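First the structure, then my questions, so here it is.
In order of appearance the chains are A, B, C, D, E and F, and numbering begins at 1 in each one.
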Amino acid sequence: MERALIIGRFQPIHNGHMEMIRRAAKRYELIIAIGSPLKSHTVDNPFTGGERYEMILRALRDEGIEAHIIPVPDIEYNGVWASHVMSLCPPFDVVLSNNPLTIELFSPYKRVMETSMFSRKEYSGKEIRRRMIEGEPWEELVPNAVAEYIKEIGGDERISYLSRTDEYV
Amino acid sequence: MERALIIGRFQPIHNGHMEMIRRAAKRYELIIAIGSPLKSHTVDNPFTGGERYEMILRALRDEGIEAHIIPVPDIEYNGVWASHVMSLCPPFDVVLSNNPLTIELFSPYKRVMETSMFSRKEYSGKEIRRRMIEGEPWEELVPNAVAEYIKEIGGDERISYLSRTDEYV
Amino acid sequence: MERALIIGRFQPIHNGHMEMIRRAAKRYELIIAIGSPLKSHTVDNPFTGGERYEMILRALRDEGIEAHIIPVPDIEYNGVWASHVMSLCPPFDVVLSNNPLTIELFSPYKRVMETSMFSRKEYSGKEIRRRMIEGEPWEELVPNAVAEYIKEIGGDERISYLSRTDEYV
Amino acid sequence: MERALIIGRFQPIHNGHMEMIRRAAKRYELIIAIGSPLKSHTVDNPFTGGERYEMILRALRDEGIEAHIIPVPDIEYNGVWASHVMSLCPPFDVVLSNNPLTIELFSPYKRVMETSMFSRKEYSGKEIRRRMIEGEPWEELVPNAVAEYIKEIGGDERISYLSRTDEYV
Amino acid sequence: MERALIIGRFQPIHNGHMEMIRRAAKRYELIIAIGSPLKSHTVDNPFTGGERYEMILRALRDEGIEAHIIPVPDIEYNGVWASHVMSLCPPFDVVLSNNPLTIELFSPYKRVMETSMFSRKEYSGKEIRRRMIEGEPWEELVPNAVAEYIKEIGGDERISYLSRTDEYV
Amino acid sequence: MERALIIGRFQPIHNGHMEMIRRAAKRYELIIAIGSPLKSHTVDNPFTGGERYEMILRALRDEGIEAHIIPVPDIEYNGVWASHVMSLCPPFDVVLSNNPLTIELFSPYKRVMETSMFSRKEYSGKEIRRRMIEGEPWEELVPNAVAEYIKEIGGDERISYLSRTDEYV
């Protein structure tokens, strides 16, 4: 069975991600790489790498999907980024992505398969984070286990609180 | 006497900061931590860490307030930021802040006291920098010693000049 | 079941590591953290993070042991290192280690259990690397799957070749 | 003959740059420093440092201009930036620039000559990148050799493709 | 009164340092810069920047000496190091040092005064750390307040413990 | 004509380097990459990147050899190092090296030609630096223009002075 790499920030992992993972898991041994794992506690990156690892773990367990979850720290250097991912992750055969930068950077090194289909608006981390900030319901957009974990750690309140930037600086 | 930490960028230190420091100095031995001390010469961060140290020093001397002034370099990693500040500064008991991120990050480790009262619009670094750029009077918003020092080093002209970004790039 | 963290560089994973992991796996859900995963191609750190991930994966599979394998990049800042590991890894309850620095740094935050027993000389990464360089047999010191993988990628020849530093610099 | 430093990001080098270089080359031995050489594959910084080196090389060769082309990596620390450039480049006598930050930072150390004249709108990297993204003709704004090279490496398609950010994150 | 900079790692501050500081304090307003403040928990750098700040503070208080204590993070770039210190510290007039590298790097920018006299062997951080590791008496080599503080935080035991590197890696 | 990359630290460039460059220049358009260009003022890396650029420039000019001289900053990450060099330098066809690490890291990406012949002991940077420190004659080991330049900037005295580390720390 070939190995495929999926990379995302997963802030948080949501139903759109899950749909892609579910399909991919049928054909590939999966590496799920967590991007920007050292970023947290901001409006765009509310959850730590460890919290995101836990969310993915629980979401996969609930569906009986196995995958290698690997945090891949930012390197801020696109010219070497593909080499960086390949040096840090175990060998893989194909990259699954719908992100132009990921596709562009991996193309010289790996087979890349574009996965553009699930881009429906509501299944986006940005929309989920917006709803958390506004106090709107967001739970339906993520797997149950993820919604529960986020509440358990107070994640929705955290992002809402952090968004209240005071101008006193 | 307990030790309290106040952290800010102080670009520049202004009357709002001073009011908070004045009150805090009555109850605590103060650590004034200068954030982003390696940033300078931009519109948001016009003054060097050393210049800001000097401004704070002069402002405190004028009022007879003692404090430990400590530059705390950015670490760009919120998940360890509180540990970073605690590793770099001498031991302290409480954090005084009105910044949600600071409060969020320190809460697991230290007593945090919210100081939200002085957030009046005019007492903000952003407003002072805006006035410097526009050539409007800004001196009344900062302690006298600070206004003098900024003029002495040509700081108001510097930020005004730097704001003239030329599109030729 | 509690979660335990084991951290090492695993250059390469060897029988001493395996013995510790085997015992720990009976009592804990394991996180195996790979230290210095961005270091490779030196005499002390011959294998990439990805190669070490693969070795650990194969060694565990052969014995039916499950674990979360997580590369933890160096941060070169001991004062925040424990926070760094805790931010990057999913939550865990206990740290298993026989390394004084690891024990010292985690003690303020986590239950630490010292695992000093398997320190027999021959089961050390250093000894294995020395044998690879000298062309002595090293295969018996690591799990079979690891020995095979190292040969597959030419890892023993790599370290031997890299050790031939030429003084022409 | 005195040595002059010109520093820019050259994303890409264009006719405005060339006009400045042509004039300067008559009076000075030139150092052309490439800023942000480790940035690439973004809308603002589409080309790698090496690609920009090659473009400058070809543009200069076509006109018979000699210069030292030197990539100068970002240091993200304005307070030491001038020292950084002076430490990395061979000695020089004067800085030619129309960028306020460059002028401000070098003034304490070097003779700086302001070169404000060629700032015509169309001769800007930003405009050229915008045209590439929009599919409008951009070739006339850069030297022929540069236009050819960019097409050879598919650079205009690259930036256009990268600009199609998908919100699925 | 002129301002003088003294820079050291102060691992820990000892009687040799104090003698130099005592003399200097008579002629100068002192800046005591703590080098490598982000290093700790190693045999060469056992104490955190914050612990060293506290030690210096207590040692100075006991003698009624005032000084600005400023942690100066490493920059690992000698070519810009003097600029770095000058950017981070408030303005100063002279550097007091007996370290060839410090003298060499500051000479182009500042008046440097060599202070070679107190180099007696026993007054060295290295000797003190060696004694702590070996369990020999070290207290007489540092100010009383420093000896007390080190014991209070278990600093001598820490370095001794950390020195017991286990070869199991 | 093919392009060849030669990479070294050139601390300083010496007759061994020159012999290799002379031969290579007959067959290739040369890129001479300066490694560790941000290191200076130590016994192993006495000269700044800029000073080394100047030395190489003068040595080449004296012999009428043309080459692209490019400082390549360290990245401390062997797994991506070849990509880093290729991203920063203009395209090249072959790597000339006698350094096992360079050969190992470039082999997956580029044709590598081993240049082992000039490793005579006296033509080594280490020997030259040793002689400078000991005050022995070193000038004969480097091109005339380089010897002159080093004396002009006091480079031999600098390294000798820096080697006098005082134990007072």
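The rule is short, and it goes like this: contacts are C-beta pairs under 8 Å (C-beta built on N, C-alpha and C of every residue); 3 or more make two chains touch, one makes a residue touch a chain.
Quick caveat, the model's predicted, so the values are computed rather than measured.
Looking at the partners of subunit B and subunit F together, the chains they share are A, C, D, E.
Listed by label, the chains that touch subunit C and also subunit E are B, F. Among the pairs A-C and A-F, the greater number of C-beta contacts is found at A-C.
The two copies, subunit B and subunit D, are related by a rotation of 120°, based on C-alpha atoms and rounded to the nearest 5.
Two copies of one chain, subunit A and subunit B, touch each other, and the residues they use overlap weakly: the shared fraction of interface numbers falls below half. Centroids of subunit A and subunit D (each the mean of its C-alpha atoms) stand 35 Å apart. Subunit D and subunit F, compared by their mean Cα positions, are separated by 27 Å. With each centre defined as the average position of its C-alpha atoms, the distance from subunit B to subunit C rounds to 44 Å. Looking at subunit E, residues 38, 40, 48-49, 77, 79, 86-88 sit in touch with two or more other chains. Taken pairwise by the contact criterion, the protein chains fit none of the simple patterns, being neither a path, a ring, a star nor fully connected. All chain pairs in contact, by the document's touch criterion: A-B, A-C, A-D, A-F, B-C, B-D, B-E, C-E, C-F, D-E, D-F, E-F.
On the subunit A side of its complex with subunit C, the touching residues are 37-38, 40, 48-51, 53-54, 57, 68-71, 73, 86-91. Interface residues of subunit B, counted against subunit A in their complex, comprise 8-9, 11, 16, 77-79, 98-101, 104-105, 116, 118-119, 121, 123-126.
Against subunit C, the residues of subunit B that register as touching in their complex are 75, 77, 79-80, 82-84, 86-88. If you check the complex, the residues on subunit A that touch subunit B are 38-42, 48-49, 158, 161-169.
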